[in-house]
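Below you'll find the structure I mean.
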Amino acid sequence: MQLPLLTLIVFSPLAGAIILAMLPREPTVGLRRAAFVFSLVPLAFAGWMLERFQPGEADFQFVERARWIPQWGIEYRLGVDGVSLFLVLLTALLVPIVVLASWGDITRRVKEFLAFLLVLETGMLGAFLATDLFLFYVFWELMLVPMYFLIGVWGGARRVYAAVKFVLFTLVGSLLMLIAILYCAWRVQAESGSFAFGYDRFLAVPFTAREQLYLFTAFALAFAIKVPLFPLHTWLPDAHVEAPTGGSVILAGVLLKMGTYGFLRFAMPLFPTAAETLAPVVVALAVVGIVYGALVATVQPDLKKLVAYSSVSHLGFVMLGLFVFTETSAAGSVYQMLNHGLSTGALFLLVGMIYERRHTRLIADFGGLWSVIPVYASFFLVAMLASVGLPGLNGFIGEFLILLGAFGPRPWATAVATSGVVLAALYLLWMYQRVVFGPLTHLENAGLRDLSAREIAVLVPVLALCFVMGLYPAPFFRRMEPSINKMLARLRAPAVVAATPSAEAALHP
Amino acid sequence: MSPTPLAWYLGLSAVLFTVGVLGVLVRRNVIIIFMAIEIMLNAVNLAFVAIARSLGSMDGQVMVFFVMTVAAAEAAVGLAIILAVFRSRETTNADELMSLRW
Amino acid sequence: MVIETTALRWIIALPAAGVLFHLFLGARLPRAVKLVGPGVVAAAFAVVVTSALQLFPLAPGAALHDRVYTWIVAGPFRADAALRLDALSAIMALVVTGVGFLIHVYSVGYMHGDRGIARFFAYLNLFMTAMLILVLADNLLLLFVGWEGVGLCSYLLIGFWYDKVENAAAGKKAFLVNRIGDAGFLLGLFLLVTTLGTHGVWTLDVTAIEQHLSHLANARTVFGWPVPTVVCLLFLVGATGKSAQIPLYVWLPDAMAGPTPVSALIHAATMVTAGVYMIARLHALYALAPAALVVVAVVGTATALLAAVIAIAQTDIKRVLAYSTVSQLGYMFLAVGVGAPAAAVFHLVTHAFFKALLFLGAGSVIHGLGGEQDLERMGGLRRYMPITFWTMTIATLAIAGVPPTAGFFSKDEILHAALSGPHALPVLGVIGFVVAFLTAFYTGRLLFLAFLGECRASEEVQHHVHESPAVMTIPLLVLALLALVGGALPVPATLAPLVGQAEAGETPLAMLVLASALALGGLALAYTLYVRLPGLPVVFAWRLGRAYTLVRDKFRVDELYDALVVRPLFALAGLVAWPVDQGIIDGTVNGLAVLVGTTSGVARRLQTGNVQHYALSFLFGALLLLGYYALR
Amino acid sequence: MTAIDVAAFTGHWEVALPGVIVAATAMLVMAVDMIVRDPDADALPVLGIAGLAVAAAAAVWLWGESPIGDGFASTLRGDRYALFFTVLLCAGSALTILMSVDFLREHPLPRGEYFALVLLATTGMIFLAAANDLIVLFLALEIMSVAVYVLTGMLRAEPRSIEAALKYFLLGAFATGFLLYGIAFFYAAAGSTRLGVIAGAVAHDGARPFMILGLALVLVGFGFKVALAPFHVWTPDVYEGAPTAVTAFMAVGVKAAAFAAFARVVLAALGGIAVRWSGLLWILAVLTMSVGNLVAVSQRSVKRMLAYSSIAHAGYALIGLVVATPAGGAALVFYLAVYTFMTLGAFGVLLALGRRDEPGEGLADWAGVGFRHPVLGLSMVVFMLSLAGIPPTAGFAGKFYLFSAAVDAGYVGLAIIGVLNSLVSVYYYFGVLVQMYMVEGTRSLVPPGARPCLLATIVVAVLVTLLVGILPAGPMELAREAFASLH
Amino acid sequence: MNPPVFLLLAILTVAAAVSVIATANPVHSALGLVVTLFLLSVFFVALDAQLVAVLQVIVYAGAIVVLFLFVVMLLNLQGEPRLTGGKGLVVAATAAALAFTALLVTLLGRSAPAPSNTLPPGFGETQALAQRLFTSHLLAFELTSVLLLVAVVGAVALSRR
């Protein structure tokens, strides 16, 4: 019996949350330190996982299985492959950073904040690692509640509206996805005689084209809302603007990836025919989203809103990359998920830091910050450029590969999407110019503190990774590619191949 | 002369039941409403007895027996409730007892 | 013949190390910055020289190759972080590091006392890094990294004095306009790789592309256009952005907001020539697309003419030089367009010398006048700054193309190729002569207005005017030397075989005479108008009226773009952001919520509290059930 | 005069054992109440809970013995279906009693009668769930109803309590008329009131008009008891007016027992003509959940909101009946079990937030409670999540079971309507959380520790809700077995 | 019973029932109810339900209605000027009630004629009733005791001060 590594990764934050809940409310420093340590535990485990991960292997690794609800064939199943590997690492990395970042941001109800954050981490990690659809759904929904509280309790003025909007939007999709999952399980039963929710079992079902269309739509709705794909994005700006910094970081860094991850992991391989049929629609929406998000971001007066809409634009690239079904762009998309997590996460952290100091996020309230807080401005510059997709930083690799892979199948969409690259420079540079450059226009800004050591410690890992991933992406691709290609292989196949008896036997010894 | 067919009895029962229903719907006084409910129960009793006669089965009559018991129990509790209401509100009119709504 | 080496990476690593030094230690060791900044560039120059010497004895097609690491492997696509030094890149690298080093040295003096000096050198070194990546990259993707990297540095350096709004705006404008070009470049890359990919060649390796050109030759795009033409045109879009050609030249004049050494290094000598370099590097590809080459030539010529005309009416010394740069770059485009990339690179090299010299000289003047840039307030500076004057004079002669300066030779090559080369476009060649005349005129005007005649500066400024320190004047002298004798460099001869440029043969003497005459004529006219009869230009301007103001206002192209592109874009963004996004899309969402709420509120009222209404609802329910059965 | 041999008809009398035990406990409670005469004596609730425990134990024992034959001339069944509900109802009643202890200490209610009536109502419920004859069913229903009418109006100091009792009583009697009329037509169609005989007649004759008439009218009666739209209108008023503990009892006990009988009649007696009623129930299910959820959205009183929510949940549960497959029935049973605990818990928290002079039922009264009383707050989070059907709570498992059964049987549309409804429900359930956690409030509260029994109830409900949510396999298996014994 | 007699009695019964819900004075309503119950017992006799008929008179008309009258007297209820809960309600209720009857009758009309069984000996007599009551309806009979207990406890609980 080997160590249940994935279970440890998933549930160590939950254990941390429970311990945290039992600790005394004061002093908060102790709570913060404890939470930081708790959040490092899954990171350590995840690091170990990365170390032991076999590159070149397409299948799930570190698989764990246990019976859970035998009547329905539901199992507790975890596994990690190249697609989820780095998303898990990203999650495990961002949470400690958020804990650190919350030091200055969260001063009320610290204990609850940290506990919710850790519960949220369990949900996110579980969703990435679950290979049973029921389990996936449970984790998927489990993320919802802590996030709801993070926004609703520690958010800004319209936090309740934003929190409820977030929950309702997410649920619209996920509930329909639940129905689709149930239908799939029923189809498994019709095919094999017993219910099952295992990912591999779903893959083995030969869905008809019509079924696929409906099922794909249901799954896609859930994921598209999370991504968010235009025009289902309007929850995002509200959620981002109202959420506390940590919430925004997690939201942008991880939660949005749930959507794209869901497409790649579930919606596309499970329903390949439908994915191919509907690809033009998705691509069109993705491209519209790229331009649309960028345009809207350009004129936003609020920093957080701007970054939020930039997410719409950036995630549009990811969706485009996924739905052209080429290996290059799919690899680019997965990479871009990580990039966006880091660069947008960093931007939110930076916006949060300036908000802590000035209690405003309006671009018009700033200007000439470089002369006051040059270190901050420098970090901001790097994060901004990573988001712009400057070569040498991570964002470029992802965007380039996505567009490169997309150009062959869909040249016109790619051409339009490329304009998004220009627009990204427009809105980010303009924003940066107005905030950081120019004369110091507001006297209130003259006394701003520059970044503290803690804040630098928060930013350095993220931005360092931006460089590493921009300069040396090959190791990442080496681990991701086999799994991505395996999923894409289903999409190129003209017809879905039913599971052979031997495959069945191999799955159920 | 042939006996009256079952359908006639059931028809009468239906008419009586409707009269009871109508009473419940239109009268304001809850005691009258309660009486109307008694008419409904009696309409059902008539149906039971007629059906029993038609089937040659005693169960229908047994049922009437139980219905009377139930009517008695309901009358005891129901009238107690009406009294209690009157004591607290000084009214027995249905449209004046509307503090719980929406 | 390709020799594997590990030396080339140092060319890039050295300036990069400089960046890190300035970034992390610069604030604490301000003196060291002044040494390290130019030092790393000098070291890089040394490495380039050594490598070039290694290359020199080899055959024309030889190259040094340094594969640093595997960069991207995604799907079938593969790109290495690998560097390549062949004759072309060697010449470029020499110019970049050489001129770059001089400008770094000059900057030590120019930026003396600026509190952001560490930042300045960090940017400058970063620029060197990026530029050298651009030059040495062995595949187009890596080239693109450098390509965007220099754009970034340009952005940062233009906005170096960040507290002035217009500086930052100019930086942003530069980056954005470049990005538009880059988008075209990217699309070209996509089309190129995708086309090659259908033949199993998933790479952007320049040599690999050259080997597989046959796959491209007959490829067609969706509308039936030949792929090479489309790719080349898309690359041209990129080049027009970076090299400030029509229609994307508008950023360069504004870019003069940056410190003058920056203008010299980035916006005259090196970065802006990247487009020319890129086209030269892809000469084999362009050879497959003659139509695209014609477009290149036309764009270049048009730009050269337009910019030269505008330069005549500018009074800001740096703006004159900026338009001059645009114009000279147009020459280079003309050269590549007529199938003479070697000539283009030759002009690139000489231009680097004399234009850097001009800028540095102008910088010296500005420095000496305490920041004054207006030609109208200069004059008579020859007395105060003799070194600057004489070096500037040499530069002026060079750019005007007066024999035997460097500019004479390189310009001659271009005009010769345009008029009588294998791909000659004589009409453009003729325009080239006109531009040559204009060039001589406006540079002469600049020189004379600044250094001759009466001093028009205020008393106080005059009182402080001084020659620049040695650290600034020595680079001027070195550059002046290069501008004088640079024409002797065997650049075309070295490159011609590499870039497949046909030998154009001896230039006819008549042409040489004509060119010289035009150059001298232009200078003479300028001398006449601005030294001998200084009242005349005003009269001319007044006579020309509207035409003059139009030229002075740069044909109002910025305003045109503003009206055609910028305003509509922002209007669209505003429309999308509020009425569409908040109104329609979010309105629909909130509308649904309101609908549910309203329905709920109405349905709630059905709960009247009257027990008889409830009983009625029972009866309706019973009717529903009975009706369900009665009616079916 | 012939002697009547009673013994022949009391075969398998043990099937009545749980009900008899509870009835006996009720009488014992009354007797003790008369003897002890100490208003604060804890003897009564202890006795009541003990009796319920014994009854549940008896049911468990019978479960182990099953299958056992019918008792009392086939008027009472001892199948696992009945026994499952018996245990469930005993648990619900026990929690109700536990929940009421602190309430009774603070309010002037006759304790002896209160506990006795709860136990007597439970007796009626137990027989209701086990009734195999429409007459027994009718009587058991009346026992339960009459007792609950009284319980509703027991807080006589509160005019709303007695008004609620009157409304409940009048409409209950009205609905009884319809139910009875329906029974008459069943009797006319089958010649007997035994469910088995009716099933035989259905199998033999198909859907005769009398049978259809009976079905329609009986649906009105059951529709009233389980609060299906449009027979739900009484629910909010009565739930709001009744003492909160009684409301909880009504929401879980009455509903579960009535649903048990409803499902038994519909499936065991009329299963043969499912095509004739499933469409109708489909409509009722959709109507019920939609009305319940929709109107709940605009409620400002948590108690009333929970009333509407209970309507909606009846709609969900009805899905199981529409589906009518083994999985559907099992899902219905499972859902009712789950619903019992989460609803009891929610009402428990509601009770805990109230004080004698200030019921604390308005949404605004809940402001900031979550952080000031973490245990109550987190418990309410669990209950709200469970009611909204969000994992990992029992409510999710229940909805999952229902919806999967629906999808399984081809009712995808119904399942989709169901999930859209739960979407609406999220709005108001989360609205409570908004008040508790995202709005500041200063209302002073009784510390939960001062009401140990209430707190215990809540904690038990939380534990069950979470445990069943995380490990639903066992309870699901029980529900499946229970439903399987129905046929 | 002959159809003409049936019709006559039926009209009388309905008239009495209507008087219950139509008269202003609750005492008159109660009296109408008594008349209705009496008339119904006549039908019961005609339907061979002698015991039930007797019980109807003694228990129902005798005990239950008296209870009603008692409460009416206790509350001293007089006839009120407004009997009904509004015109709209009356119209809606009447329409619904008519529709209800129509549907009921429609569905009844579809039902097959009941089989005309020959009655077993002793049908409707006390012994036959008792036979059923204590054998196959034993449990129900026992449950009535619980029901009555509930009623007693409930009535006490509601009226005790």
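Labels for the chains are A, B, C, D and E, by order of writing; each one numbers its residues from 1.
Simple rule for what comes next: contacts are C-beta pairs under 8 Å (C-beta built on N, C-alpha and C of every residue); 3 or more make two chains touch, one makes a residue touch a chain.
Being a predicted model, the structure only gives us computed values, none of them experimental.
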| item | value |
| --- | --- |
| Chains touching both subunit B and subunit D, listed by label | C, E |
| Of all other chains, the one whose Cα centre sits farthest from subunit C | E |
| Of C-E and A-D, pair with higher C-beta contact tally | A-D |
| Innermost chain by mean C-alpha position | A |
| Length of the line joining the C-alpha centres of subunit B and subunit C, rounded to whole Å | 96 |
| Between subunit D and subunit E, centroid-to-centroid distance (C-alpha), Å | 30 |
| Centre-to-centre distance between subunit B and subunit A (centres being mean Cα positions), rounded to whole Å | 65 |
| Subunit B-subunit E separation of Cα centroids, rounded to whole Å | 6 |
| Numbers and ranges of subunit E residues touching at least 2 other chains | 85, 89, 93, 96-97, 100, 104, 107-108, 111, 114, 131, 136-137, 140, 144, 147, 150-151, 154-155, 158 |
| Set of subunit A residues in contact with two or more other chains | 168 |
| Contacts with two or more other chains, residues of subunit D listed in rising order | 135, 139, 142, 146, 149-150, 153, 156, 165-167, 170, 174, 188, 212-213, 216, 236-237, 427 |
| Pairs of chains, among all present, that meet the touch criterion | A-C, A-D, B-C, B-D, B-E, C-D, C-E, D-E |
| Subunit D residues touching subunit B - in the complex, by the definition given at the top | 135, 138-139, 142, 146, 149-150, 153, 156, 159-160, 162-167, 169-170, 173-174, 176-177, 180-181, 183-185, 187-188, 191-193, 236-238, 240-241 |
| Contacting residues of subunit B [partner subunit D, same complex] | 17, 20-21, 24, 30, 33-34, 37, 40-41, 43-44, 47-48, 51-52, 54-55, 57, 59-60, 62-63, 66-67, 70, 73-74, 77-78, 80-82, 84-85, 88-89, 94, 97, 99-101 |
| Residues of subunit C that touch subunit B when the two form their complex | 604-605, 607-612, 615-616, 619 |
| Parts of subunit A lying in touch with subunit D, wherever the complex brings them together | 68-72, 109, 112, 134, 137-138, 141-142, 144-145, 148-149, 152-153, 159-160, 163-164, 167-168, 171-172, 175-176, 178-179, 182-183, 185-186, 189 |
| In the complex with subunit C, residue positions of subunit A that touch it | 165, 168-169, 231, 233-235, 292, 295-296, 298-300, 326-332, 335, 368, 370-371, 385, 390-392, 396-397, 400-401, 403-405, 407-408, 411, 414-415, 418-419, 421-422, 425-426, 429-430, 433, 436-440, 471-474, 477-478, 481, 485 |
